[in-house]
């Protein structure tokens, strides 16, 4: 860490002691969210481009037909992959996904899977043939809080997704038979702990200054939680983060579904 | 680049300004070509060992039975792989094929594929079963211009290739039912640009001295072109290279087919 | 190699000139062997944990159903894998198995395979379906002579192995139809050459001091031999090692089968 | 979770006869390996987990060293035969994630500033797996680290709770994990009460979360008692951080 | 090429109504990303391509540094969902080759001597693909590089021509690429007229080549006009190399 | 071994007409490549093997260098088309093991102390394979190493024996290797009589081993004669180690 980084980190923390954030947001305020559904609609069955402040993420959904898992023969399959593309940050490297990308993918996946957001039973086609929904999260500009951007764009993309025609064992590209059955809108909300304060939706500078963070994904219940990073939370921290998460998720849900 | 390399590079360029090559060839003259077809005939259905000056390349063809591509269910399959074996040069490394090997493989592949040299339709066997021709290019001694050596040996090996017997779903090794149907003889010709001169078939020292190069693969038409390396060609350069390519390819074709 | 290592190595060699080993064993004496069969019996069909002196290895056998090899359609399949887990030594690294792990796996595999210890013909189920026995050797603490520990634990684990129930194309976990058919007990015995002496079952310090080593795996015949490491044996060395191997293998066999 | 139907509570009892707030049987031991600086072995129900520590030692590659502290890296690995269906050797995405969250938790209590520029490698080997391996692993890793002599501000203790058949229960076993509705693993710094690891998946109301969290912490505290006893019995002085 | 039968020219018009020498619709923008030194976004027909530049920065590994100049490396990557059939993430042989030819073309005009011992990394992300992505990518990469402030002797402009139903046409779209007889992508240094990238596969007579080449160059020159306008509009001073 | 039934000895003769103690036909040549320091080519029955040496040269990575001697590494590789069923390019477990045992054998005779801190890389390319490739490879590698000028205490010579239809025979060919009962490859330092490589798989009694071993050594000695002649013919002075 060089001097400049250290000073900015210090500045973020000092401001927060006074209850102020470096970009003047309230502690529980998200940056502006813009979502463009259907961004890659000429090819992808579903897609959404999100701007979460400076953070830019494109999620595309591919629909393919394949075999179900042996222990769930009548259920469709979903799979989530995150690519922290090197274009998104001078700190990202080429190569197979690492720790950070895998953690983000798994937390986003759990929110969608555990809430039952995709009605996988409706993705059954015939014996040994089900729809597979690939959720590919393509991170293009890292302005902080990639996790929430990814999770919000993922559910937005799923809401945008059409199911292709499937005839004589072949997926007919570019023709659609209906929408992907989506039952609810799980939204992850990430809380960074800086000093003894919690802030939602940390930007890049807040990420440098934070110790640890907690992500809570909710629908009308809690569906996924993940503490990440070195450091500790008190149980009061977590209680407060959960309450805030329900509230912020509802606001964001309106944007996603709108 | 050490001093000796630099001096030799300079020497190559200086000689060429006077229209002379370091090994006294004419600008459009290939090094001596010797081809031994059937080099690995005890095992491989087809093979050819080429000496292009000091450059030595062995190409082997394996024939296997597999599934066609879904969008071409009645066509056989061809695939081309280049191994720049570390024995061939102190500069080559072990490991999976890199940029250079991949580029050579793809340019050789395009020449053969686009000219229709292998009559893939005749490699259809029965529903979901076609012949797959593996073209494996094994580079053993790098004396310069691996690409042309590889491309020439590849088509020579294809001309040498026999189709194994296929009975009851099994390929019978060592018994043959006929020759691989080869319809024409695409030949790549590579032109190195050194200063403002073009030379064909650059040897190793000319490769060090060159800026960029152009490969033109022809039958009675042009089937593949590839500019490679940093630097520029004028459109006149390219026109002249094409004309030379047709002429040299015809000479080489006689050696390959002979 | 640091000074301390060098001195200990020297000490091992000097002692041996007088016919003494650093831990006071006789030249043809193994360290104490303790074997716990069924160590992972809640999950693995077969397992055995071996203590060979300080060396600790756990072998687990997994049984799965799959396709036979095309050239042996009525035979089951066996496969052997060694993981030199980094926990076992500060010198082991994470990542795919390397040279040393592969060599150990292949020598253990040959002893079992060539002696016919697993009656593979009895692992045939029905057309295109046979049992596959996975022998997974998990090395947990490297106190020297991993190879013999691995080979002894592998055959002990096989002797412990039950065959799961197989019904309607599915392996029923946790229910068993019988024991794996094991016909004999191959035992590897490794001889380290230090100076002009041979010792069996080298401990870690003897391994540092040794030049080369020879492993001989026997049942009532010799089934596998492997010289490993830089250095040479005389033919008399080998003759003597074979004789010792038969003798020691018989002693160890009683422990394994007991 | 919650895919197939399976009755997990019959007549107010769990399948293995445990009460809702009852732990499975747990055994612990430290100093079980020769070639590590510290090691531990934990049996917890049918789970068998071995942990060992190499280091502090030179960290590679050099340019990633931290001049202010040691870098602690945990590697969680399951033996191929540790589960019913053989697991292919090598890290998968699940084990990469578990390795990370354990690394984070241990790094939160180890006094890494004492060993600048070095690496401390904690290896966890799951020899038999039966639900809850991440809690078992963190408990074993924490014991191995203490056994290695690296100073720690506190131990790390852990336990999971979950929801089955609508009830909040402690320490899920395999069937409960497969067919239950929620899993909530929690690791704490027991003396301070801080949360070092918290994950959750499934589905809990706000109220259920509080109940489940409290239950998990109670479980972790019982485990802490066993950890302390194990270390004391082994005559290792656990350096209490400042 | 030329596998299935498909009529590509009907009544003298192409499937999408274009004339033989007509480009698809093109939109360009620069400076679209925060974390890069320079960036550009290009829409070209249904293609959507983003390019960004990191560097000049330290080059690793050290022993491969060039003391005379920067090493420029382009990495071309297609998003999994950018094509009809999902593409597995990670480089395949096609993208390795395209990365190389774009690297070669950009290195031919960038004044790399200004930054010895460094690396300049150009990343191209294909977000939606619809034939001709290598030309779109090179155009976007060239804009991003200019936007980053690395001095260039010239921009790089590019366009493909091809043969469909026996006719030489400009800028193939998807069906024309799949069922046509030839594809000829060309990248030029527009002010000098030099050829920086030239690939071809299919089948062209000597005369057809000349016609196709000239058509591609005309296309590239039109694209050059748009590139200049985009950069000027963005108030970025394109440093003209000496 | 010994899986299918196949009669390998008919009327006291082997399938290819050889006697029990007869070698297949062998041809050798050295100095066959331009870009290596030393090289050799060996045909042995239907086997065709090329070997070449790069180095002594800088060894990477630096921290693995040995300040007392060169590190000799042999890499054994089979061409995809060298066997009946195409082999996927790249190392498999078998070739890793063969590479190791050849490296060990060559390192036992090369005077590596002469080149501290360096690496000597020996590459073996199997262009056509027909049983016994490890012996052919070691013979070719040893010739290439001698041809490169690296001083050696002795050459390495090699031959295999085996058991077919209950008889001990020399130098197995393909069918004998597939359907025989045992394979015993041996490499020796011929002047000293030392064993440098010894592997065996199959099944041999104590007495059969001695017979097979002696036969293999006799074979290796004949091969040694050809190696010496080849090197002398090529006017290369084989430096006799002290």
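We just call them A, B, C, D, E and F in the order they show up, numbering each chain from 1.
Here is the rule we go by: a contact is a pair of C-beta atoms (placed from the backbone, for glycine too) under 8 Å apart; a residue touches a chain by one contact, two chains touch by 3 or more.
Values in this document were obtained by computation on a predicted structure and should not be read as measured data.
Under the contact definition, chain A and chain E share no contacting chain. Any chain touching chain A that also touches chain C appears here: D. Comparing mean CA positions across the assembly, the chain most remote from chain A is F. Farthest chain from chain C, judged by C-alpha centroids: E.
Here the CA centre of chain C is 32 Å from the CA centre of chain D. Centres computed as Cα averages put chain A at a distance of 57 Å from chain F.
Separating the centre of chain C from that of chain F, both taken as means of CA atoms, is a distance of 26 Å. Chain B has no residue in contact with two or more other chains. Listed for chain D are no residues, as none touches two or more other chains. A ring topology is adopted by the chain contact network, closed into one cycle in which each chain touches exactly two others. If you walk the ring beginning with chain C and heading to chain D next, you pass the chains as C, D, A, E, B, F.
Residues of chain E touching chain A in their complex: 33-36, 39, 46, 48, 50-52, 54, 57, 75, 77, 79-86, 89-90, 121, 123, 125, 127-130. Here chain F touches chain C in the complex through residues 1, 3-4, 93-94, 96-97, 99-101, 104, 107-108, 184, 189, 192-206, 209-210, 213, 217, going by the rule given at the top. Residue ranges of chain C in contact with chain D, taken from their complex: 39-40, 42-44, 47, 54, 56, 58, 60-62, 64, 81, 83, 85-90, 94, 96-97, 134, 136, 138, 140-143, 173-174.
If you check the complex, the residues on chain B that touch chain E are 71-72, 75, 98-99, 102-103, 105-106, 110, 113-115, 212, 214, 221-235, 237-239, 242-243, 246.
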